[in-house]
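Chains: A, B, C, D, E and F, in written order; residue numbering restarts at 1 for each.
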């Protein structure tokens, strides 16, 4: 049986991280990973067995080649990657530990994708036969060309009959709250599912999750879900919730509000130990898309997405190197981490 | 004073593990260790100052040579190692973390030891003067030759006047429960001490530790101990008990039932943080053998064995690189892990 | 324009090598590569822009997954890989240096491919549209199933209209000279191009390159080429010639005899410094196949194949990570290794 | 504005540590750091923007050069370093984990500083313009020359008008309690601030922090502070308090007693996860010196020093690679370790 | 005695290189170095004992901090470094070997220095007391601000009485030959010593070294030297000459033409084995500047500069980590590389 | 058959080397090896199958333990190692390359062996049944205790009927030429075979190898051999001859003068590429001892010793990790370094 086709659009960055718990360039060794919110989702979808096409732009040099290589390794279809531009965006990521917070230095300006022309991609061709299209708030923040391409992609996705999801992913270092709102809100018209945390829902869509005490509760999450659905006409919204005990240990859960059935589904609350903070939300998105495409009931879909994400927190690098079976096993309730032999 | 002589018999495997918390072959670097249940016990005994002879079969190539080298480094007497066969068994071991469980891929079929002839070893010579013989349920599971050699070793050990211990170590990937029972039960005739966890006691010997609620309690452990002693005619049985909070943190203790005195000794309950899950049980076995040979009272012996094992959980690799003094210090009650300077 | 399709069939092995100039397991770190004669050719063809399909059998575990991952990374089509069997074959490879020769320990018996059933692959489907099929003398040496599959593949390739090449690649550790002759000679019926060194031509096909003095000369090479063409009915034969000054520096060239035109083409004689000895011949084969498919004149094809191979000697690992442009540049005569900036 | 000048005096050691959680020389790789109680303070002060001069003696060889290089890298003024002597002191440090305690092997005898002549340094010149001088109980323990130089430095510091602090840092492997008392007590005459833990206050100064129950409480700490101030005539004393749950997790706080105001300030109690145990106290000292020089109120100074120290526990190596901003942020109450992007 | 002060101006780049002879990102590990033509000269001068000030612009983030750290480690005065801009320029450098040429991918556009304002530096202050000023053709190629700053620096250097040298260092990836000539030629007015290879002399200054046969000979080098001196009014010119046998082995020498004495000095011809190709010319420049400041006779100065450079070819990274004594020893004629013990 | 017993006496040092071609502590990683002239010989003898006992003194700490571990791994009998003293001697070794010479920094003063008492070892027991005793000029240079122990060992060896060899190994950093002569010459009384290079023969024994032209020739070597034999009453002398093209490539040969037969045997002249310079002479000594014990004719013994040594130059670390078969193969004339598969 041919797997369903998904398309994601976004930037692939070269990430450089120090070994162990060292600080950036404390010693002269860097671990190189590739990643990026949408690329991470694309890899997650490919790992789960979908035909996952990732659309981006990479320069025609050895660094761009290396980026393609890691995507292909994970079974991502890179047939729609445009080669061009001057550079692969870079970011330096230092994991946090205990009271020392993780830190990221972005060096992504002038990347190949950010200097994209508005008509770069033939979206009609790229989205032919696609069941799902996913992007995030980072892509339109990269520049006007990337924003225009996102708009074209959303329209084409609708015409192709694909379900569309957007992870809000507001990045303060890329644009202001005002710019984000101006560009992002109109995009929602073509979106079916919104994914975001409380802060990004507030900043980008102007919807607060806060309850009467100022902190969110079940009722206030439900109200926020309803507002998002009614104001932006989407089918549903997934709200991820992270609580930081420390840089090493987080609370992690999510809620799913479904417009047509007016139901709010609450996820199990996990405590995650962070081998890697980056890519946790993207693993959630990939898990949710997979489970919705697989027509699982919403509570099961939410649980699956959370389990994909929980496991991602234990994997170094941006990509979620876990199998469907591993997610299913955790989803079935085994948190013991026991060895099998 | 000449140290007491111990003999262990089993397989030495080459273990390949990824660096840090990476998944197997996520990056192209592997840490190589050698290990194996009985080899780990042999090393543990040598570290504690006994004359520890390890009997196995290794091919006459550079990988087999490297296996000998690590054993000799740890002061294990390899004079009884037979060189022959085609390959060193390999296993890939990926440590777990938090909700992600450890995973092991065995590639041990057709190893030198598994293709052993039944009359390979001159046990009379090898066991001359031995005070203790130890093996585990893994060895006879490797094949008919290994099983036959185990049987011969047990008979020879009895004739040599050595105390005999067997760690049940049931391995589902090597044989069925039925096969294990058929082969293992008759072996018990020549055994003095059995070591095993609840699951292996049930599978191999048909003795359940479960109490009236389905979970074990002190009374049910005692009853299980009594049954093992009476049915199999052994002197005693040590039952190790592991509880998995997560792949990173386990509860770990053991109980010791002594037949002649009809007493059950309960170990202190430790919480262990797992740098390394593999070899924990083998460190317990080595500690117990040492303490019994050292004629320590049973509660002290149990405590010593548990402390050896607790420390092993913090040591990368299969072998227990800790000194007698370090175990004694923990055994004396210092769990603070304070620096000495 | 759609690239031409090539199909190669053979085994993918996990190769483990020590760092730097260390001996195998001198220190407990291993670099992991995947490779194998035919896989190396498949990667070489993919790097040069062809649609390169590699057919093999890999077990359904994380090691087999990792093998697929490295092939996909290099743009090899793994759609025809059968998942099954017990293990990925392993080999330990230690590079030589100066007077110390390289050494290889094979641990490939019982690999997934060697335990292949005779009807595993649907060659008609796999070879549909293929312009070239390549395999080597290693594959039939793995066992009767692999030999039967090779025979079926050759017949199917002929039916599909693909050109067929075989690298003789005699491996003494896999079979005897008699067995090799018995199995390999009949295969030549469906082969268009034979690739081999003097020793393998002699052992496998019974054709000596020696001249009157006992050493080969141009006339004797020509005579050998003629004999191969007339006895085995192939279109041509490429004879690679390696001379070892030391483990670090080799002389390296090749000759190409073309049957229809009765011409012998002599390659440029290179001195290569060996970062990596393994994969040099496979890079030659890939270069030759590419150049012949590209309809280059035979002297140019020979030069291209040699340059691909010369560059491979500088690349760690089994695969030839060089671009078409880099080969063309060397082929155009620039051996200076100058930096470009 | 010219930064204030501080001078510290002590030994710089080469520290060798195994990778990850390995034991010393378990594998043949060592991470090299430089450190030493006073050098760590000097680096901490330089990181915070002060003009930090470190005075020591290093042999004129490549190891001594490397020591200078790391100090200069951290912006420490090494203009007062004397080149001479035979060797850089070495120590092997193995981090602990869980129940396995950290261990240190000192190989520092006969170091360049320990074989110092009594008149090596021109303290008048070195301390000209200095606002603060700091050393520790380790330096005089190294030998009579080092003790004499410490005495000269303290006198010169007083003449220069610099505030003087001493970290008691008793090291049992360097001298006896009697020797420590004999040498250290007279030094206090020229000291303004004493830093030490309970054990070192007792051993070196004969002042116990124990309360009526044998364990310290607020009253007994206050009493101890009063006694130190009255007996030794210092301005104040900072008492650091470490509680070891395990080698991986410690409780960590400090108290500050100020003589003139007769007040005892209690620090926040932190739980620290130990990436690195070494250098935690030195980071506290540097933080305290900085905050006092910055004329912060005592409670704020104590909080700043503790936060500097808490962050140090997460940094591999002896030096505290954290910025003023990072300490201020933790000091302002953010313990969440959240990522910023 | 106070060492003489030198000032260099240029860019500091973060260089990322793969381990061993791997290709860029063949495996996910990168060695990080900092370097840049002028920074390399600055480090070379500091190593030789001069007071070496390096002027550049680095962003105020952890990557810029790390750049400062490596400069300070090498005793370079970074007091004149401006903190600002968005990014540290990056380059990926892959060493060549044998027939495979080294390759460099620049990702330096939009670096902090390239986006420099024309009045960024207070050259009068920075050059006060300087005996020498050095820059290269790379700096003005970075952009109009950097070019303007170079011009200001040259004028200020003349006013300060400093000797001025420029390494032509033409970089095709930064500007065209026409632009280079337009900007560089007028700069020569304030220059005393020009350093360049034949190609750069031709491209930048329009002076060919070719003799009647098309290849340079002693007479044609002399003629070129005369032309440079007479056309550009400089005191002398050093012409470096590299011949590439292969990427691993080069011929390496230089000639020095001195205007006032009208003499051409020919350097010894070295064969260098390239551990590192990058920084060889900069080591020559530093050696020459040092020797000229040290008032050595021109032949001795040329020999010293060549020896500094020959040793640099054996040092990984951009900086020349060799001591004055090591250069003097090679300069005195010992090429044996014998061990001293 | 029981292997012959050999005893060697000397120091085991911890050697620290930078990775690749880096300079000492250029990056913060060190490779740790153990070695020492006599220990290297002991390992070489064990590798060749002799019962090799190494006598030394090592402190009772984890560094001393690690030293024992590497010796035992190589099958050296460490039963005669005395535990005591304060430290393991350390040396930092940086390999040379091309024109950059190797460099060594010794930090071996005050080592356990150097602070040896004169009656530490029970030589009668240690040498019981020994066929050969070997030491070198380094051991008596360590201090009076070590010199006294060497003297006792030589006497005991004579009484035990062991053949005795001494490698002159003059170390300028340990003692003066006068001291060396005063101590070493009387030792020769109990020596059968002297090993040394021309320089050490001159310095220690006052015997020059120079011919009429000032350079040695066959006649002058013969004359030197005769003088050594007649003046010191030994059976023979082996003179090693190293010529340094560069730090990477050496000429390497040896001559053997045999007193009773008055014959001089000239070795084959090898060109060696130096992966490792250290241990080459020790590998020669071990090869010679083995071959003489094996009663090979002198020319064959010389050839064997040279081949052992030639191979050692390709092995990282002090120990000669090569097999008897590998030496025999090179000795039989195969210098091609070809791969075997």
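What we mean here is this: a residue touches a chain if its C-beta (ideal position, glycine included) is under 8 Å from a C-beta of that chain, and two chains touch if they have at least 3 such contacts.
All values derive from a computational prediction rather than experimental measurement.
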TODO: In contact with subunit A and with subunit F at once: which chains are those? Just list them.
DONE: B, C, D, E
- [ ] Find the chain most remote from subunit B, comparing centres computed as mean CA coordinates.
- [x] E
TODO: Please flag the chain sitting at the greatest distance from subunit D, going by CA centroids.
DONE: C
Open item on the list: Counting contact pairs by residue number and requiring over half to coincide, which of D-E, A-F or B-E is equivalent to A-C?
Closed with: D-E
- [ ] Mind checking the centre-to-centre distance between subunit D and subunit F? Centres are C-alpha means, answer in whole Å.
- [x] 45
Open item on the list: Can you pull out the residues of subunit B that are in contact with at least two other chains?
Closed with: 20, 23, 28-29, 69, 103
Open item on the list: Taking the touch rule as given, give the residues of subunit A at its contact with subunit F in the complex, in rising order.
Closed with: 27-29
- [ ] Over in the complex, which subunit A residues touch subunit C? Could you list them?
- [x] 69-70, 72-75
Open item on the list: Looking at the complex, which residues from subunit D come into contact with subunit A?
Closed with: 20, 270, 272-273, 275, 310-311, 313-317, 321-322, 326, 330, 334-341
Task: Residues of subunit C defined as touching subunit B within the complex - done: 16, 23-25, 28-33, 61-63, 66, 69, 86-88, 90, 92, 94, 103, 105, 107, 109-110
Task: Complex contacts: residues of subunit C adjacent to subunit F - done: 20-23, 26, 96-104, 106, 171-173, 244-248, 277-278
